[in-house]
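Shared between the two complexes below is subunit A, which has subunit B as its partner in the first and subunit C in the second.
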Partner chain A sequence: MTSPRPLSAFTLIELMIAVSLGMLVLYTAFAAVRVATGAVTASQRLATENAMLRIGLEAAVDEADFWTGSDDPEVGGNRPLRGIDAGNGAGRPFTDFRDLGFIDPAAANATWNETPGSTRRGWSASPLAWSAADPRTWCRANVAEEGTVNPGGNSPRTFWGHFGIYSHIDPNRAWHAWYPNQVRGLIDGLGFYGLFEYLPSNAFAIYHGTTPPKGASNNTISFGGVPVALTDNGLNWLCPSDGGDNTMKGRIRNSNGSRYYMPGPQAATIGDARLLAKIGYEGRDSGYNASEITNFLDRTRTRRELMRRNGVLTAPGHWPEVTYRVHRFIERGHPVTLCVVEMTSPLTGAQIALPFTTVATTLRGARQQRRPGDGWSDPFSAIAAERETLDYVDLP
Partner chain B sequence: MKRSARNHRNGTVLIIVSALSALLVSLALTFLTRVRSDVEEGELQYQLAQARVTLVAACQYIQESSRIGWGADTGREHAEAFGWIDVRDSTLGPRIASAGVVPAAAGSRPADPGGDGAARFPIGVPQRFDLWVHDVPPFAISMRAAYNPVDTAAPDNGRAYLRYPDPQPARALNGWAGTTANPAAGVTAANFAAWCDGKQTPRQATVGRTWFRLVREPTGAVFTVTCGAGGARGFRTWLEVATAGEQALFNNDETFFNTLRANELRLWYRVEWSPATTVIDMNFLREHEEHSYRVSTPTHAGGNPDNGYSGQQMAPNMGGTIQWIQRLRHEPDVW
Partner chain C sequence: MRSMRQDDHSANAPAGVPADVRIRAIRNIAARHGFTLFEVAISLAIMGFAVISVLMVFPLGLKEQQQARARLLAAAKTMELIEYFAGKSNSERMAEFETPEPWETRPFSYTNTRWDLETRLARFDSGIRPLPLDIAKRLDSDGDEIQRLLAEGAHLYYADAAMIPGVDIRLRNPSPAVESNKIIFAVSGYAQNNAVPVLPWKAWPYRAAYPSPPLSATFGSSRFMPQVDVMVPVIKNGGNGTTYSTQAVMLEGWMGVGADPALPSAREQLMAEVFRKAQDYTETVNPMTNPTSFTPSFTPPDGNAMSLMTKRTALAEACLAFAQDAFTRAGIGANYQTYVVAPGITDFRALGSQWHTEFVQRCVAAEAITGASANATRETRRTSIGLEVQAWRFLALASATYYLRRESEPEPDLSMLMMGTIPLSTDRLRYYNDRCTEAAMRYAASFPYDWTAPRPHARAIMMDYPLIEFDLFTPPRSGAISGAGGSMAAMWRPVSAQRITGVGLPGVFPGVLEAGTWTSSVSPFAGTDGRDGTHRLWGDASHFTLTRKFHPRDRCRELVFWTVDWQSYEDAETAPAAPLDASRTLCHGVHQGNRNDYDGRLRGGVSTEDALHLRNPERMVSFTRDVSALPSGSDVTSALMTQGGANLGSDQGRTGSRTVLLGIYGADRNRNYLLDRGPVPKSVRMRATQVSRFTYYDPRLPITLR
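For the complex of A and B:
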């Protein structure tokens, strides 16, 4: 009798178990690798998205500080917000004050005066130009004084006193001509956003004059009554109606129910620099129509291409595309720089928007960054021509 | 010796397991490196945000110091000043009330009679402002919201009483014992002084994060602002550090200081201060009828209590405004 042959291989049961366990191990290992690979891919994708967002954020902040989307000072740059309207001579937010004849030519040590014929009516960048101690800079209106009640309708009703006899654009009509000339020069030169940014925050945007502001549809002139060319000009001009209150107001109250806005380059018409955006409380005129907001965003949008050149995508198609836009407007007296960074993922379709506001270069700062024509100004350059800006010939 | 088939299998498994482990490790390392790199790249945005916040701090300093915080350093009273350009006579400020009014300056640059303005903040000389948070700022008020919560139990149910002072000093630094029967219990001159002084040691987590520097331009109200995010505490050079005797801040190590400087982010701006605050229009006045206003009676004098629509509370600003801001494209020579 022979002894049973020792086993030299797996039995079928053992083999099945071993194969099953082996497959389980392999599957687990494969799954682990796959998950790890997926995690790395996802992290790579998220890192790319983060990088894109960072680029968008930096571009938006850069735009907030340098305004190149509105006015590119480089040679051949797009500058639609400069120049003068051929029809009425009004300027745009980046129009050179020299082109408007609205610049103070005096040397730093020259004496201020308001005598008739004085050339010191234009814009001066010196902080002393609006010195509170100098009567030249005082608005003569008295908001608490009302003149004739006008019961019979045959005498001009006056508000804020007869300040036209003290302050008038025509120096032959009143002693003080500097203040009204500043207000009108800024309206004519820059439009409303520029006006309220350039005027000191306690200034009334008001004047009496025998010539209407440029670009106004209502050319009514004023000699001392209500300067309706400013206040009643279709209820869409300088002073918003705001509850039937289209009277002389300052920056805060004027931008309470409406917004003065910096037009984007796509809205570079003369009229766009002189429009109120009726959003907020004033939106009641249009029944709070959403189109007011849409129009506001369209008119104020400033941006440059980030990942495209002339509309053609220049980055890999699977990269998320990031864009940015900057909107500037005056809200209850405060200049607001609203930046929005937006990104769309081509893989997931997910959209991300990062809106934020920042304290940044103002319009006046941006104009002081720029030389007439091409180029950037340098306030500390030893070369006089390089210190020249859209606001002044030389540093005050 | 002949190796068995079992040994062969063990070796194969080891190789497979090792390969898989190596693969996983490499993927994990890639992941960690990517995350680390992301964080480092994000640091720039952090610094950018920090520097821009610092611009706001610099502007606030310019606004506040135009009117307050100057004068003789005797006692805790500081004389009011009248602006970087004096609103009374257009001279170079800040000049305090005791400095008399002089005839207005004629040109575009303010005169400096007596040298008061330049003495308080010289023209063209960089000033350094290292920023951190005090442990307890001077005159700090507690953030507690309700010292007198409405009781929900009898006999005081639903009644708001003013048993306890509201507000009170932070951390009870004035030493008050909290006994309403004795409002003076625990309060001494020394305790009151402690509250006035606060605890001006810096909170450690806030040190070495940010700073700004100012250079005043000859026009008196325009400043070059340098906003920094980083650990060099606002020093521009090691020579500045040595001159200030602050080498210990950097372990007496110039290389360490230079490394900190190299990792900083700096932005340069010009800003102009204006004494103007708010226009006196209808938010300060009561509308009499359409187009016409009457001066409001201040609410503290028994006038219209409708605080939302009239009075100075609409614009509580005593420090003027920043007229414009201009980012500089290049580092200026003097900052």
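For the complex of A and C:
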């Protein structure tokens, strides 16, 4: 009898088990692939977002350092914040001091003195120009003098005399003329943000003179000889309408409840460089006017769409789109550079933001990066013209 | 079935081969025919394991991207923190006050004013908040660093993504912030013993305009009055001609010689006379309204309604008397004739240059004896120069009052006027003003440890602040808190780089308050400072370290960032706030009316903007009532103090009204105005993954980058 033929295939049970195992393995593998695919997709999306955020952050910090959104010194660059207003002769934050006649005419290595009638009353970028030990840098105005024209009540406080005989914008009226001309020149040239960035932290924004600053909202000179526009709270010009103390003040007091802001390039008007924004006092979460905030952000915004050129998207459509904006203002005496990187999802349109502040180049530093006209200043160039900046003719 | 196969194959085996070898051969032959089901299963399992393992690597990539995101956010946050720490204005309005003792009045404490990153930044307006300690204690980390830091007294912090330190919350970005709630951070490395921003007893530097009358403050009836009342009534604030509700009190003029503190009774009577005459002059009507006649709108306390010119002359005579006396006491009596009376001088600029040379020589001579140890000669020279500065200040003040004109009017003819016996001219007024300004500026720059004369307003720089620190190696001073039932408090003693000369008395509390008893005849600075820690106030000068050499590593601390999903805890929003240093409690200033009611002094009364460094850093999001019974997802807007959901008492330290101050009911920590509870029970520990570390410079002085 022939022995039974060896089995050449699985039994039904074996087959069922094998199929079950196989299905299990396939399902597991499929699930794993699905998870992995999802993970890869999410990872890639996250990686792209991270890359975009990183690029946005780097671009925002770059803008904070070089201010090219506000003033592009490259050939053909957008420079709306230069020039002089034809109406009143006032400058803008990136106006060349030479165009305003506000620049120290002496050689870079000239020593300072304050001889009567000296023409050296323009801006000097020398680190010694504002030395606290130098008598010309001392404000000699009467801190109690009220710059209102109201002769009644407690004002003006002229009990203590007319201090225009000590310090005056006209060198023929006093022994000291440098400080008042610095204040006047900075207001006329740069506006309020520039004024308080250029003046030392402790400086008073005041001068005695016979004429008001350019573009002042009030042309009156007080009984004691100070422009009312610099001291009167009610005018909402240099001083915020806060406190009712119509006396001379400085950066910290004036920016306690208000902010002086650097105008964005899209809001480049003469008046804008001389506006301040009063948006409340403290960090409360209520009681503010949304439109004021919108206006403030609009006025101060320097923005760039990193993935568009002339409004046309130049990156793959499935990438998240990233933009940044930089706002510069002085709050409580603190010069703030607020950067906001914003990213928009291509799928949902939802937007997220990465806001942060950073140590950044000052307006003064940015002006000294630039040459008059086109180009960046090169302090190491052998050619004098290439060492020029918006602040000085040659290295101080 | 298995044995049948073996049998079949063994039939083909060569003869003479041992049975076991034959069996192995048979098995090998069988293996070549195919895998067993078991083998297939094993193989599939191995392959599946391998495939799944490989696939599981992909989520690791995702995790790595999440870490990359966290590193990016940490870097941005670090830039922000350092910028705020270094760039924020160092003016802290309500931190610059005085107190009879550090434990008596508005909270002055080293712990809430020290210049350390976490102290400066963890405030309710910054969005930097301590993580609840209950939650922080559940977090593990590499090397157990988190628990080590907590054990050393540090906090973990989380940041409100919608807030930017130093920027008004109303300017926050309208778009939702990048998810950063999982990021926590801490400061690693020991804080240093920093300089004291303000000496609690006397908030030097006092500042004054130059020229100006003596500094003064108004004292109402509730204030602790100085012993010798160099005060005049403030008539405009109301009175009946006999009594007045407010008195203006002179804050200067306790000018002892050298470093020996003056007694409260030792007022400078000649300066007091300048003060009285200046107050009298100011209380006239506006001279510009009617400069030639005076019609008083009130009855002066002495009933003597003088004319404006008479008052001005009286002020000038008082100033001249003070100046002559000060020059004499400073040992330069001859200079009074040469540089003040200056008879026959027409070239005042040349005279000014001559004075400048001599004054600089005096200043240099005062510093000729260097060193931190006490030296009577040097200290006397310093106070002498301070006297001269005051003399020029009042001379310039008095002379300026002679040049009264409106801007639009012709210049007055000063040649017709005399100040005492001194003929006036515009140039002489300019000369006095220049001497006043120059003397003050040079003096302020040269002698930060001489407090004889106030610092000029027009020259406020960091060098005006003397270097003072607390002495951590001498037993602290202690005393009973007034009105606190005998509760005791203690504070380190201050030490300064040099012994302070012309220290005078405090302007606000010119006396000593001990357990509610005010003694105006004793100065807190009384007694000889032997520089050895035996003084009643000052510590041991040999423990002063601010000017010692240091290694860069001594000035370095680290910001350490981790990620952990702490908001998944079930009590992420109901856990109490991290413990609050008691010194951050709001507190009324002490005065006659509340000195026996410390609990009453804890009623706050300090406006928001004035006390940003106080209060609970979670104040903006703290719950004012117990919300633990509410279901998850409940709207908790009405429970937030900042939404008007509570009375102000909850933010105060008074008994029974400090729920927000202490944060006992938790906070809306993701600021979505909903009560959130995560799925993770409190019993589970989480592991925090380190993201990055940043080393930063930790200054010992209050400094601001600009």
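To be clear about the criterion, the second predicted complex is superposed on the first by the 328 of 396 C-alpha atoms of A that agree within 3 Å, B and C clash if a C-alpha of one lies under 4 Å from a C-alpha of the other, contacts with A are read in each partner's own complex, and residues count from 1 in each chain.
We take it that contacts are C-beta pairs under 8 Å (C-beta built on N, C-alpha and C of every residue); 3 or more make two chains touch, one makes a residue touch a chain.
What you are looking at is a predicted structure, and each value in this text was computed from that prediction instead of being measured.
Using the contact criterion defined above for the overlaid structures, shared-chain residue A:R364 touches subunit B, although it does not reach subunit C. By the touch criterion stated above, A:T210 is placed in contact with subunit C alone, subunit B being left untouched.
Look at A:G164: by the touch rule set out above, it reaches subunit C but stays clear of subunit B.
Looking at the shared chain after the overlay, A:E58 reaches subunit B, while subunit C stays out of its contact range. By the touch criterion stated above, A:S43 is placed in contact with subunit B and with subunit C alike. Looking at the shared chain after the overlay, A:E342 reaches subunit C, while subunit B stays out of its contact range. Judged by the touch definition given at the top, the superposed model places A:G333 against both subunit B and subunit C. With both complexes placed on chain A, subunit A has more residues touched by C than by the other of subunit B and subunit C. By the touch criterion defined above, A:M307 lies against neither subunit B nor subunit C after alignment on the C-alpha atoms of chain A.
Shared contact residues of subunit A, touching subunit B in one structure and subunit C in the other: 29, 32-33, 36, 39-40, 43, 47, 50, 54, 57, 61, 132-133, 143-144, 159, 201-202, 204, 252, 333, 358-359.
For subunit A in complex with subunit B, the residues that touch the partner chain are 29, 32-33, 36-37, 39-40, 43-44, 47, 50-51, 54, 57-58, 61, 65-66, 106-112, 124, 126-134, 143-144, 146, 159, 197, 200-204, 226, 244-245, 247-253, 333, 358-366, 368-369, 376, 378-380, 396.
Chain contact summary for the complex, subunit C toward subunit A: residues 1, 4-5, 8, 37, 40-41, 44-45, 47-48, 51-52, 55-56, 58-59, 61-62, 64-66, 68-69, 72-73, 75-77, 79-80, 82-84, 86-89, 91, 124-126, 163-173, 175-179, 209, 211-212, 281-282, 284, 286-289, 349, 397, 400-408, 426, 429-430, 433-434, 437-438, 441, 445, 456-461, 608-609, 612, 620, 642-644, 704-706.
Put simply, subunit B touches subunit A in their complex at residues 16, 20, 23-24, 27-28, 30-31, 34-35, 37-38, 41-42, 44-45, 48, 52, 55-56, 59, 83-90, 104-110, 219-222, 269-270, 272-283, 285, 287-288, 290-295, 314-315, 321, 323-330, 332-334.
Put simply, subunit A touches subunit C in their complex at residues 3-4, 6-7, 10, 14, 17-18, 21-22, 25, 28-29, 32-33, 35-36, 39-40, 42-43, 46-47, 49-50, 53-54, 57, 61, 132-133, 135, 138-140, 142-144, 151-156, 158-166, 174-175, 201-202, 204, 210, 221-225, 252, 256-257, 279-286, 288, 293, 296-297, 327, 331-338, 340, 342-343, 350-359.
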